[in-house]
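Labels A, B, C and D are assigned to the chains in the order they are written; within every chain, residues are numbered from 1.
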Amino acid sequence: MDFALQPLTQPGQRFAALAERHAADFATRAAEHDRDGSFPFENIAALQQSGAMAACVAEELGGLGVRSVHDYMLGMSRLGRGDGSTAIAANMHIFRPWRMTRLWEAAKAAGDVAYAAGLERRLRRIGAGQLLMCACVSEAGTDILHPQLEATTADGGWLLNGRKIFATMSPAAQLLDISFHFMDAQGVERLAMASIPHDSPGLEIKNNWDALGMRGSGSHDVAFTNCFLPDAALLDLGVWGEWSEPYLTGNLIIAMGLAGVFLGIAEAARDLTVEAVKTRRKGPSGRTLAERYPIQHLIAEIEIDLAASRAILGRTAMAADTLFSQHPAEGIPLCELHELMKDLQCAKWFVNRKAIDIVDRALTASGGAGYLSSHPLSRLYRDVRAGPFMQPFSPNEAFEYIGKVTLGLDPKLEA
Amino acid sequence: MDFALQPLTQPGQRFAALAERHAADFATRAAEHDRDGSFPFENIAALQQSGAMAACVAEELGGLGVRSVHDYMLGMSRLGRGDGSTAIAANMHIFRPWRMTRLWEAAKAAGDVAYAAGLERRLRRIGAGQLLMCACVSEAGTDILHPQLEATTADGGWLLNGRKIFATMSPAAQLLDISFHFMDAQGVERLAMASIPHDSPGLEIKNNWDALGMRGSGSHDVAFTNCFLPDAALLDLGVWGEWSEPYLTGNLIIAMGLAGVFLGIAEAARDLTVEAVKTRRKGPSGRTLAERYPIQHLIAEIEIDLAASRAILGRTAMAADTLFSQHPAEGIPLCELHELMKDLQCAKWFVNRKAIDIVDRALTASGGAGYLSSHPLSRLYRDVRAGPFMQPFSPNEAFEYIGKVTLGLDPKLEA
Amino acid sequence: MDFALQPLTQPGQRFAALAERHAADFATRAAEHDRDGSFPFENIAALQQSGAMAACVAEELGGLGVRSVHDYMLGMSRLGRGDGSTAIAANMHIFRPWRMTRLWEAAKAAGDVAYAAGLERRLRRIGAGQLLMCACVSEAGTDILHPQLEATTADGGWLLNGRKIFATMSPAAQLLDISFHFMDAQGVERLAMASIPHDSPGLEIKNNWDALGMRGSGSHDVAFTNCFLPDAALLDLGVWGEWSEPYLTGNLIIAMGLAGVFLGIAEAARDLTVEAVKTRRKGPSGRTLAERYPIQHLIAEIEIDLAASRAILGRTAMAADTLFSQHPAEGIPLCELHELMKDLQCAKWFVNRKAIDIVDRALTASGGAGYLSSHPLSRLYRDVRAGPFMQPFSPNEAFEYIGKVTLGLDPKLEA
Amino acid sequence: MDFALQPLTQPGQRFAALAERHAADFATRAAEHDRDGSFPFENIAALQQSGAMAACVAEELGGLGVRSVHDYMLGMSRLGRGDGSTAIAANMHIFRPWRMTRLWEAAKAAGDVAYAAGLERRLRRIGAGQLLMCACVSEAGTDILHPQLEATTADGGWLLNGRKIFATMSPAAQLLDISFHFMDAQGVERLAMASIPHDSPGLEIKNNWDALGMRGSGSHDVAFTNCFLPDAALLDLGVWGEWSEPYLTGNLIIAMGLAGVFLGIAEAARDLTVEAVKTRRKGPSGRTLAERYPIQHLIAEIEIDLAASRAILGRTAMAADTLFSQHPAEGIPLCELHELMKDLQCAKWFVNRKAIDIVDRALTASGGAGYLSSHPLSRLYRDVRAGPFMQPFSPNEAFEYIGKVTLGLDPKLEA
């Protein structure tokens, strides 16, 4: 009868339990990393050691075997309850094996032995806690369909030049998944991705993340200066500026986990507020805050928003599970993926906005206490505001995208 | 991949399909009943004939066999898409067999043959389309735990005096379920209910419903003047002003269906708006409204609110299914029922408010067209505003109730 | 110390006092006209008799002499407290002499005797209660800069063909101010206005107004079929689709009065609610609603919104007074008029939206009582929703306009 | 035609001009003080040197002579545009001479030479830049009518024991105005205030302010341990827990200035956003953000909220000017002061909430740029959230207070 989201699968239960344990631990150090803007290497190490970082790796390859998008999102929400920075950093890695596993299973089913073997090797390394990855897709002054990072031809491959921002998790990742564009033989600009080792010559992590919140997330800039990329590493995703199935799918999964993290932040704010008002007393009557009607009203508003947030995100994640289970291999019609992405953008916008509202109301309920740096709400207030900026659509873009998909128009945004 | 709620059971599918067919039919007469304030007797008859009125009667007793609260609510939402007045009227009857079937099953399991037989007889009559019921619990100037309708002792029974309001469905019901209070032998005021025939002497349906919206719902006053009630008909529900399991359960189910109806109204407003803006053109460019960003923005806001409304209501109904399946017979701890009622009040408030917002945005998107009496939105705007007034808690009460249950306080409202 | 808006000038005080007296009277018949959709001819006659219809005519010409835009708006808000339909109808006439008086004074100052004399004659007729006017600028499927009503050349003048909608006050007006377009000798489409007698051949008032609210406002369609317009009557306002000083000014004034009316509706809803909750009692304790915190909370929300609405509208009207007093004759830079119109659109959107919110909260505070047709709130709920549709910008357009003016862009909307 | 608030008096113009100059200067150091949590002593010194700190001291006593509450509030809003921390700190001092001047003028008029002379001496010191004051009224766990700081009798005076919080400006003030309670000879608990030198034995400023925002405001705790207060310094304000004219007036003035500061923060956020979107370009089209509809929509929302905020606060401040000018000396009926305080609480809640919304939308418009520590919005986001906590009523209390005053009930909050 608990209205909190619950895992739907056994692997999901294990991931959620692990995540809750980690969250309790990370919460004890969150204030420190927040103050110092330090990357929580020890948290990442703990997540690797426990197997949480391999949540979406198949059990036979050493992981927890989470295949449900719902349960992956749920685990991320549990992690988010403890330390948002660690959770969004970890998400940059955790979502990757979900996608790789799907490709691996499809390759096996299709008899594509070589491709399957390559994926399996990498998944085993993740399962064994030997490999960390992250995704770098954001750039200043452009949207994610139009990366400015450019690959130009070089002997045996390509040279990358440009700059990524918000490369969350970059301090710990061994492989960075980057998006960029290149011109093909026909003179067409194309969108591509590649996994590139963090220590590649010409790749520099700028260690310059200093922000309002999510201060421990290591969301540094990454600069590329004639950074060499071998031919085989370039994954062509189609025409620059156009959505493709892999790119849309990858963005869907990563966004699902991120939305989960912000739900977790809202849950943390709600829980600590409910506990606090039960015992804090005020005024000459000595009544607890909980006994006062204005506080009951605030708590009810929080409860409504949280219930709706859990419901919309849980339901969207289950819709993802349905779609992906109907299509075990690639080949999902793009319009169906856009339909799901539209639902997810509704859920993302709603959860991010309501999480901000919940933390705001929690602050109100705290009197002035939550405004002090020593109070966890003063961190949540800053962390939670990062939510709307998360890829692939900021609010400015999300309304246009949702509207266009709903109305059956071309979902591309105005250039 | 449709984000609309879908039935979870086979009987639910049948009910939903019937409800959709009826809704399409009722929509053709909704404007007329709305204008005239006439009760849609022919709609009620059609619902009886098709078996929809017996949705929650077991198949073996002649019904559709819907046991899932989710699917009952879903069917009501489908009905709500066509004509809100008919839907809330029908709900007053449809919810009853759900409750009676639960008691009937428990009685059979417990070997209480006589009680089971009585319930079965009545359910068979409903299954055969021979009996219509409605619930009358509202009164002016008091809340539902403190009915002022009074039963005083009389020879072989009781005399009822007082007045009910908002007796939706009263024009067609043969039996009215009424709440009242009486003083027991110990001088304690007690809360009771009874099913009373509509043609009992001293019971007068005032045929005075004339309201802003839901004009076809027949929500008349019912006056009781020395109306006789035999002893056996009085169902004692405990101390006046206190919640009991049967009263809380009954209110839960009825409220679930009502919330569904208002979701249906929101869905209708959304659908007709999306269709309209795709074809309506405006201005010298001749572009459709859909091609204009301000309209895309409005549609996105509608889409977000609708997705969240569907999610929270669907999830709450599934939580009800879980609770009731864990407890096949009475004996659910009151605190668990309050927890569920709290979730439902969150969902009810949210769905009612967002339905109002959705209709409001639909009006905005319509330009001025929706303001004309000939446009269905001008009816939806009035019908949808009834939602927050629905029992058991108006918004003024709901916040207090939700806050108190969440904070672990006594859920009774300030007297 | 009253936070309600107060007149700033002596004529304004007289107008406000008259308007309050009329409002009290009109309120007694508002329900009847609302039910029947009948035009309140007797109200219009009373306004003529008292001199209120000549509020903006100079005293020497028989009027009240209101020159302050603030006080004209204030008087309209007072009128709106009694009957919204009558108030918006009256506004269609009352705003006209404000504009004509300004032109008359400028003509006198400039020594343009003939023009001044013509205006004076008409103003005297209005001052004597012998002339009623109204404005018809709305059409379906286009915005107010692009009227489709077309004038084509004819012998000695023009033939008008097309259709206006929302011609509020048309049942009583002797002269209708209409907007249309025509092609000039150079083949350029131009925007024009003309005052045309209501009984012109080819002009047909369709008597078809039947809407959700404002049912007594007589906002009929007006059809033009080869309706003759003499050459001298055509007032060329410049290129079709472009703003000009007279058109922008006229729209400003009319919109100011209309916003006032909706403020008045909100004030009426607030006042009747505050009075009602002070005396209505509920529940076993017999406490008044006012003594309950949830009601205090609702009342506070109403009070905040009303205070902000009064303040923004009052301040905007004072800004208009400042601008027009700085420029006693035409020649206000268009950018300054747009700046003022932007402020007015902020105020209009805000006041209309908050008036809707206030009526909504008043309904909530009423329990279910306000939902009954016999309760004035059930009319206010419908009347108040007309506000956002009022010219010159619906919400869909207002955001774009406000944004563009603020950002220093061309204020024309996307075609 | 500028919709920004403008001074109504000559002294107000001088104060506003000074404040704008200071704000431009302070803005250059705001980020540094924010980062370090350092008190801006140099800003306070500059304000003293320029005469801004003596804004409300009569010109003949060396001040700027601001008597208008509106213009005092306006000056504070201008100061708030540059650095919120400095502005709220300065406000703790600047409001004081307004009140003292009023008492001084009344004393002179009443012929109370001795009292007038005492006030004049202190005002001259402030006018000469030799004296800084601050107010300490907040305590943890109680409201401002029930201070727990206690004075117990001692030889020739009183001993103070207890602790104040949020003693903004305490690092620079030479005199601290404190509230406390004491028991009188009849055993009645009474509310009192006193001005106490910052270097009094037993008074310790804890230098412990470390908060989410307003980090340069020096809002430290102040602890009192057997701190001696001479008899003559105790100003009896009546029964503990009851409002009195001086206490209500003092709280009114201080709150007016504080609300002004938060308006200034909103204005700063709006201005920098409007400028930024005009030049920032995004996406392959190279269009500026300003040219994109979603941004125009955001800007319009900001513009509406800002217009309403300016209007409600300006109007409330003018209402204060009216009331105080009607009553040049003490003796304002308490109910009139409560009426004004109610209007101010409406304005305060509105301005604080809308300032938060404006900064939030400014962040949205910034893309992710505003989330970086190097961007001024990342400071405004934290500073602006302090607004609702400002005395005398937090939101939880304000709704109850506004509701009760509006409904004609005793304005005291539930104990």
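List of remarks:
In this section, contacts are C-beta pairs under 8 Å (C-beta built on N, C-alpha and C of every residue); 3 or more make two chains touch, one makes a residue touch a chain.
Here the structure is a predicted model, which is why all the values come from computation and not from measurement.
Chain centres here are C-alpha means, and the one lying farthest from chain C is A.
In terms of C-beta pairs in contact, A-B outnumbers the other of B-D and A-B. The distance from the centre of chain A to the centre of chain B, with each centre set as the mean of the Cα atoms, comes to 40 Å.
Chain B and chain D have CA centres that are 51 Å apart. Shared contact sites, meaning residues of chain C that touch two or more other chains, fall at 293-295, 297-298, 399-400, 414. The part of chain C that touches chain A in the complex is made up of residues 293-294, 297.
Listed in rising order, the residues of chain B touching chain A in the complex are 1, 3, 274, 277-278, 290-291, 293, 295-301, 303-304, 307-308, 310-312, 314-316, 319, 322-323, 336, 339-340, 342-343, 346-347, 349-350, 398-404, 406-409, 414.
Put simply, chain D touches chain A in their complex at residues 138, 140-143, 146, 165-166, 210-213, 241, 280-285, 287, 292-295, 298, 356, 360, 363-365, 367-369, 371-374, 378, 381-382, 385-386, 388-389, 394-397, 399-400, 414-415.
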